[in-house]
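Before anything else, here's the structure in question.
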Amino acid sequence: MWQTLTRWYHQWGSPRYFFQYSGVLLPWLWPLAVLTLVVGVVWGLAFAPADYQQGNSYRIIFIHVPAASAALLGYIAMGVAGLVGLVWRMKMADIMIKAIAPFGAVLAAIALITGAIWGKPTWGTYWVWDARLTSMLLMLFLYLGVFALMNAIPDPRQAGRAASLLSVVGVINVVIVKYSVEWWQSLHQGSTLKVVGESAMPSEMLAPLLISMLGIYLFFACTVLMRARTEIMVRERKSQWLREVLR
Amino acid sequence: MSFRATLKREVVLAWRRPAEIINPLFFFVMVVAMFPLGVSPKADLLSVIAPGVVWVAALLAVLLSVEGLFRNDFEAGALEQMLVAPTNLYVPCLAKIIAHWLLTGLPLVLVAPLLGYMLHLPEQASMTLFLGLLLGTPTLTAIGAIGVSLTVGVRSGGILLALLILPLYVPVLVFGAGAAAYAANGAPVEGLLAILAAMLLASLTLAPAAVAAGLRISNGG
Amino acid sequence: MACYTAAALKGTLVTELPLLETTDLYCERDDRVLFSALNWRAVDGEIWQVAGVNGAGKTTLMRILAGLHGFFDGEVRWPRWLAQQQDPRQHFLYLGHKAGLRDELTPLENIRWWTSLHGDTVDDAKIFPALACLGLAGYETVPCAQLSAGQKRRVALSLLWIMNKVVWLLDEPFTALDADGVTLIENRLREHAANGGLVIYSSHHRFDDAVRHVRLALGEVEVA
């Protein structure tokens, strides 16, 4: 088990292996991502029952919750990649950070916008300084920071390493930020979704939510793989192996 | 060895360039003075926003002053000497952070109660504001130093530094200003000050390592 | 090309190993190859000049050797200290392209901080004669801002007399020096090599037929 994992780690850590096998994976992953996303969202928006309190307005959670959770997951993934890049100086790690950052920022923005739209019928205003919305706003800022740092440093390798360090610091911080913002204010309704234990949500709503979450994750994975492939092509443009693969 | 020498050097440097100590202090006072002008001179309103205003102003003053932490050394080539030396880079980095706080952060903390008074902060909150800043501003300097280490070679790094660092300042701001607001309402604040102290210890132990790594990266490593 | 690992080196006489060895060193900047296939061995008692036109990558190479610049392919090894499991940096004296002095501090204060970073307590009794020997007597406690560029360079170079290191990595050491200063430094470099040290300096100035060189030219490298 452990050996398989370390072998995978080393294989996928090599740009060449990554490029070749992500190329094999993507034609399968893309249709799967689009399919789950469409099924989840259409089911949620059109067929799931209306909420007895919020009516139809709650349906935005089928976009809001997946986007928010994927944004958080993406940030954690950047932190892990950053740690790997800093400790083992793995080339793929900072390529991954570069691939994750823009789309993660977009997801955080989507979560914020849908949250605001949801807020209008629920709280009567587009913006309240509620703990979750504020955390998501700070997450967007953290993403933008990584993005800005990478763009400010001309050398791509140096930019990648700087972004690695910032992501690691950011991930340590994000936990404290979340805790502090929750202390700061906890006006929001309780957690809608619990991974462990009984969910407060009826299964007719939960099923499409989980499917759209999976859909967003897969979609995220696809874009990250594609962006990573582009970055590999840029960095390895002089390599013999790339010419052979692309021929 | 290199800790004491670096500490001493930083103090001498600041002594020869007093503007670097005094300017952040002026900035701090001026920003606070803008609020009654911009919001309202009414005592009841000011006393409510006082903790937040003082804290945000202190945070910005630290952010602006910390930007110069490595810039002059970088431009003079002295930073390279720090990086090639065989001693552990952690030590001089820690010394620089501590020296920088003593020279620019501590003066802010000392004038903060006065500014609180001018904003009609209830007297029982004054001590908490002071203690909170005393525990919080070194954390701000330490976290800021990480950002500076990454942007030291970047052109127009100042605004970039703010983008990187401000989101990381949120917990200190929340607990620091929160503690002073609690105290103003007569609520107990020991727990919040303890959290600030914990963040101080964590940032002082971890940040120099991150700063060392950041300096290596921005110098081409 | 021999590969020196700590294990393989056991039993080898340490003094038989070269001080520096690079294998297939390759570095590019902004899509331009600075040097490639740089295979280079340097032993004690040698003086090496890193030559090349402006922008050829001399400073980058010096920074790589000093362990400052990490973005390159190939390997840089210091086999002798690898064998002794020592940190090679403790044997370096690196003087960068910029003099490395803070204008607000005096030469004495700059040098004291500098040596403290190396963990050395250097007696002022050693610093004063070194500065005097470089014609800086009387300037020891004057802020560096008041010194000329040549004098600042001399302050930095005074470390050649003050610190006791085997490998000298000097990036453009002759910049801003007058003829006197150049001769003084040349002699000091010869002296160091004669004492078994290794000098690597980047410059256009070749001062002795015995000086060997690494010439960088548009990606091509000549080691002679």
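Odds and ends about this structure:
To keep things simple, chains are lettered A, B and C as they appear, and every chain counts its residues starting from 1.
By definition in this document, a contact is a pair of C-beta atoms (placed from the backbone, for glycine too) under 8 Å apart; a residue touches a chain by one contact, two chains touch by 3 or more.
In this text, all values refer to a predicted model and were calculated from it rather than measured experimentally.
Comparing chain pairs A-C and B-C by the number of C-beta pairs in contact, the larger count belongs to B-C.
Chain centres here are means of the Cα atoms, and by that rule the chain farthest away from chain A is C.
Taking the mean of each chain's C-alpha atoms as its centre, the chain lying closest to the overall protein C-alpha centroid is B. One finds 32 Å separating the Cα centroids of chain A and chain B. Centre-to-centre, using mean CA coordinates, chain A is 47 Å away from chain C. Between the Cα centres of chain B and chain C there is a gap of 38 Å.
Shared contact sites, meaning residues of chain B that touch two or more other chains, fall at 220-221. For chain C, the set of residues touching two or more other chains reads 71. In chain A, the residues that reach two or more other chains under the touch definition are 158.
The part of chain B that touches chain C in the complex is made up of residues 1-2, 4-6, 9, 12-13, 16-17, 72-73, 75-78, 80-87, 92, 216, 219-221.
Chain A contributes residues 86, 138, 141-142, 144-145, 148-149, 152-153, 158, 161-162, 165-166, 168-170, 172-173, 176-177, 179-181, 183-184 to its touches with chain B in the complex. In the complex of the two chains, the chain B residues touching chain A come out as 143, 146, 150-151, 153-155, 157, 160, 163-164, 166-168, 170-171, 174-175, 178, 199, 206, 210, 213-214, 217-218, 220-221.
By the touch rule above, chain C contacts chain A in their complex via residues 29-30, 71. Looking at the complex, you find that chain C touches chain B at residues 63, 66-71, 87, 89-90, 92, 94, 96-105, 109-110, 112-114, 116-119, 121, 143.
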